[in-house]
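What follows is a pair of complexes built around chain A, which joins chain B in one and chain C in the other.
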Partner chain A sequence: MSAEVSEPPDYITPAVRAIIGAEAPPIEAPHAVEASEVRRFHQALMDASPRFWDPEAAARYGGPVAPIGFPVHAMRRMEDAPDPLDALQAGDHDGVDRRLRPGLPEVQVPLQRLVNGGYAYELFRYAHPGERIRLRSRYVDIYQRNGRTGPMIFVVIEDTYETVRGEPLLRSTNTIILR
Partner chain B sequence: MLKVETREPEERFFEDFFEGQEFPTVTKGPMMVGDQVRWAGACDNYESEFHHDEYVAKAQGLPGIILSGPLMASLLMTAVIQWTGRHGRLVRFFDQNRGSTMPRDLAYLKGRVKRAFEEGGKTFVELDCSITNQRGEVTTPGSALVELPRRGR
Partner chain C sequence: MSVATTITAAQGAVFDDVEVGQDIPSVVKGPMTTAHIMRWSAAMENWHRIHYDWQYATGNDGLPDVLVNGSWKQHVVIQLVADWVGDTGWAWKIAFQFRGMNIPGDTLTAWGRVTDKEERGRWGLVDLEIGLRNQKGEESTPGTARVVLPRRGGPPVPYPFDPAALDAP
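Moving on to the complex of A and B:
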C-alpha cells in the first residue's frame, strides 16, 4: 500500500495575487525623533557611540543622530490608535497578525506560522532628533515555494523611510514567510 | 560612580582593509529575555507574544522564546560600523534570519572583507558578516557594503 503524496494547495489565489503591488498610503511617525527614544534604542543595541548624544562627537553629522536602523522602528502607536494587544485577545484570533504593515491589505493565507526572513537595507543617512519620519510601504511580490516541511508563502515588502520633507533615510526590503 | 567607556569607533581608512581580512569577533551574551524586553520597549512593539511568552512560543511550534531577528540584525549592523570605523558610511546591509537566538545563547558576531574596490571615484569595502551561536550554527548570515575615504582626503 503506498501513501499518496498530495500536492499542497496553491495559496496564491486570485485574491492574494491581486494585492501584489498594493501600496499603503504614506504614514507619518506620531512625533519627531526624540532624544529619549534614541537613547533607549542605542542602549538596546549596546552601542555607546557618543554620536547619539554628544554634539561634538556628532559634529560630522551636523549634530546627534539616531542609530542607522532606527527609522524602521519609528512608526509608533498613535495616541488615539486602538490597543494592538486587544486584537490578540479576540476569540477567533489564531496568534498570527497578518496585517503586515498599516494600510496594506491582509495576506489571506490560512497558514499558522509567521517568520521574519530578514532584511536588505539601502542606507542613505542618519535621522536626527527633531526630524519626523514618513513611511511608504508596498507589496513587491508574494509567491509560494513547496519545501520538505510543506508550503511556504514569501511576502516581500518594500518600505521607504524619508523625512516629511522628502529626504531619503533608508529603504528596506523585508521578506516575511508564512508557513 | 562607575562609568562605561563611551567612544566613537576607531579611525580607519580605505587603505586599512584588504580582501580576506578577518575582523575581531564580537561576543554578545549569554542573551537574556531582558535583552528582548529592552528591544521591545525601544521599538514600542509588544505584539509578537512568542518573543516574551514561552507558552505561546511553544504553541506556535517554536522551541521556546526567541529573540527578535531585527534585534540580532541591528547588533550585527552595529558591529559592522565598529569594524569599519568612524569614517565609514554604511551603504547596504543584508541579513537572513536562518536560525533562532534563544535566551542563554551566545552570539558571536563575525566579519570578513570580501573585496575592497573603487567605483565611480569612490572607495568601498564589501564584507561578509554573520552571527554564530555556541553550537557553531550560523543563525544570521549577512553582508554589508561600506563607503570609506582614502587616507589624507
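Moving on to the complex of A and C:
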C-alpha cells in the first residue's frame, strides 16, 4: 500500500473486543408456532411439500411441521411492543432494526450500512405447530477487514434455536457486515 | 379411497446411487414479482424498505429495483436440499453467502452438484455445492451442503437428527 493512502482506523476497540463471546439471555417466541403461520410461510415460499399439512406424509416427524428454517423467523413482535413502522416516519429510516439481536450489546462501530453476509445452518429437527421456540444468541467473533471500498466489520453471531422443552431445532451462524 | 391417503412420505436419494459430479434436481421459482416479495415480507413481518418502496430502494440506496428478500432465497436453497433427501435422509448442514441481488422479473433456479461422498457409520455423507441462479445465469447465493443418506438395505437416518448418532457403535 502506498504511503499517501491512509490506513482506516481500527474499529475493533477494547470496548468492541470486550463483547466478543457475549451471550444474550434466552428469549422465547411470544407465541407457539401456529398452523396458519406455517401455511402462510410455505405458501409464500411456494414449497408445496405435504409434510407441512398432511399427518401421513409427516409421519416420520410425528405430525405436520413448519419449514425447517422457520424458527429463524419465530421471534415476533410482542403484543405490546412499540410499532416498528413508527420509525419509518423518520423519512430516511430504512426499516431495519440496528439491534442485531435482542439482549446482545450493540456493536459500537460508527458504520451505518448493514449487509447480511449469509448463514451456515446445522439442522436437527422440525418445529411443530403448538411448540414454543426459544433462542440463545452470542457473538462468536467481531473482526475488521479493509477492502478497496473501505473498512468492513464482520459480526459473527451464533443463534441456537430449540423448543422450550430443550429439544434442539437448528443452529445458525450468521455473518453481518457493517461498512 | 380419498386423495389424501395417496400422499406418503417422500423417498429421497439413496447413498449407493449417488455419484460425485452428478446434478441434483433443481427447484425453480418465478418469474418473481413485487407481489411475491410483498407476500413474503408480510408473512415474516419484515419492514425493510428496499423490499417495497421503489423510490427509496432506487433513490436512497441506489438499487436497480426493489429486492427479492435474502430471507426468502435462503429457504429456496434449503428446499432444494430438503427435497432431494426427502423424508428418508437428512439435510444436516447448509451454508451460503448472499453475494448478489435479485429483482422482480427474475426466475430463480436453485441448483446443486455432488462434490464428495463417504460412508459414515451405518449411513452415508454427501457434500454438495449449491446456489441460486437467475435466468441470465447470474449466481446470487453460492454455498455448500452436507447431507446424511440411508444406504440401500441399511437403517433409516435417525430423526430427530443427532450428529453423535453417526459415530455410535
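Keep in mind that, in the parts below, the second predicted complex is superposed on the first by the 165 of 179 C-alpha atoms of A that agree within 3 Å, B and C clash if a C-alpha of one lies under 4 Å from a C-alpha of the other, contacts with A are read in each partner's own complex, and residues count from 1 in each chain.
We take it that contacts are C-beta pairs under 8 Å (C-beta built on N, C-alpha and C of every residue); 3 or more make two chains touch, one makes a residue touch a chain.
Bear in mind that the values here come from a model prediction, so they are computed numbers and not experimental data.
Asker: Chain A superposed: clash or fit between chain B and chain C?
Answerer: Aligned through their shared chain, the two binders clash on chain A.
Asker: Counting only touches as set out at the top, which of chain B and chain C does A:R17 meet: first, second, both, neither?
Answerer: So A:R17 meets neither chain B nor chain C here.
Asker: So, A:P168: does it touch chain B (first), chain C (second), both, or neither?
Answerer: After superposition on chain A, A:P168 lies in contact with chain C alone.
Asker: In the overlaid three-chain picture, which partner chain does A:Q112 touch, first (chain B) or second (chain C), both, or neither?
Answerer: First partner only, chain B.
Asker: Going by the touch definition up top, name the partner, chain B or chain C, that contacts more of chain A.
Answerer: C
Asker: Once the shared chain is lined up, is A:R77 touching chain B (first), chain C (second), both, or neither of them?
Answerer: Touch status of A:R77: both partners.
Asker: Per the contact definition in the header, classify A:R145: touching chain B only (first), chain C only (second), both, or neither.
Answerer: Neither partner.
Asker: Classify the contacts of A:H31 with the two partner chains as first (chain B alone), second (chain C alone), both, or neither.
Answerer: Touch partners of A:H31: none, neither chain B nor chain C.
Asker: Once the shared chain is lined up, is A:Y61 touching chain B (first), chain C (second), both, or neither of them?
Answerer: second
Asker: Identify the residues of chain A that lie in both the chain B contact region and the chain C contact region.
Answerer: Overlap of chain B and chain C footprints on chain A: residues 37, 40-41, 43-47, 49-51, 57, 60, 67-69, 72-73, 76-77, 84-85, 88, 95-96, 115-123.
Asker: Using the touch definition up top, name the residues of chain A that touch chain C in the complex.
Answerer: Those residues of chain A that touch chain C are 37, 40-41, 43-47, 49-51, 54, 56-61, 67-69, 72-73, 76-77, 84-85, 88, 92-96, 115-125, 167-168, 173, 175.
Asker: Over in the complex, which chain B residues touch chain A? Could you list them?
Answerer: 4-9, 28, 35, 38-39, 41-49, 56, 59-61, 69-71, 73-75, 77-78, 81, 86, 89-97, 140
Asker: Using the touch rule from the top, collect the residues of chain C that touch chain A in their complex.
Answerer: 4-5, 7-10, 29, 36, 39-40, 42-45, 47-50, 56, 60-61, 70-72, 74-76, 78-79, 82-83, 87, 90-98, 141, 143, 159-163
Asker: Tell me, which parts of chain A touch chain B in their complex?
Answerer: 37, 40-41, 43-51, 57, 60, 67-69, 72-73, 76-77, 84-85, 88, 95-97, 112-113, 115-123
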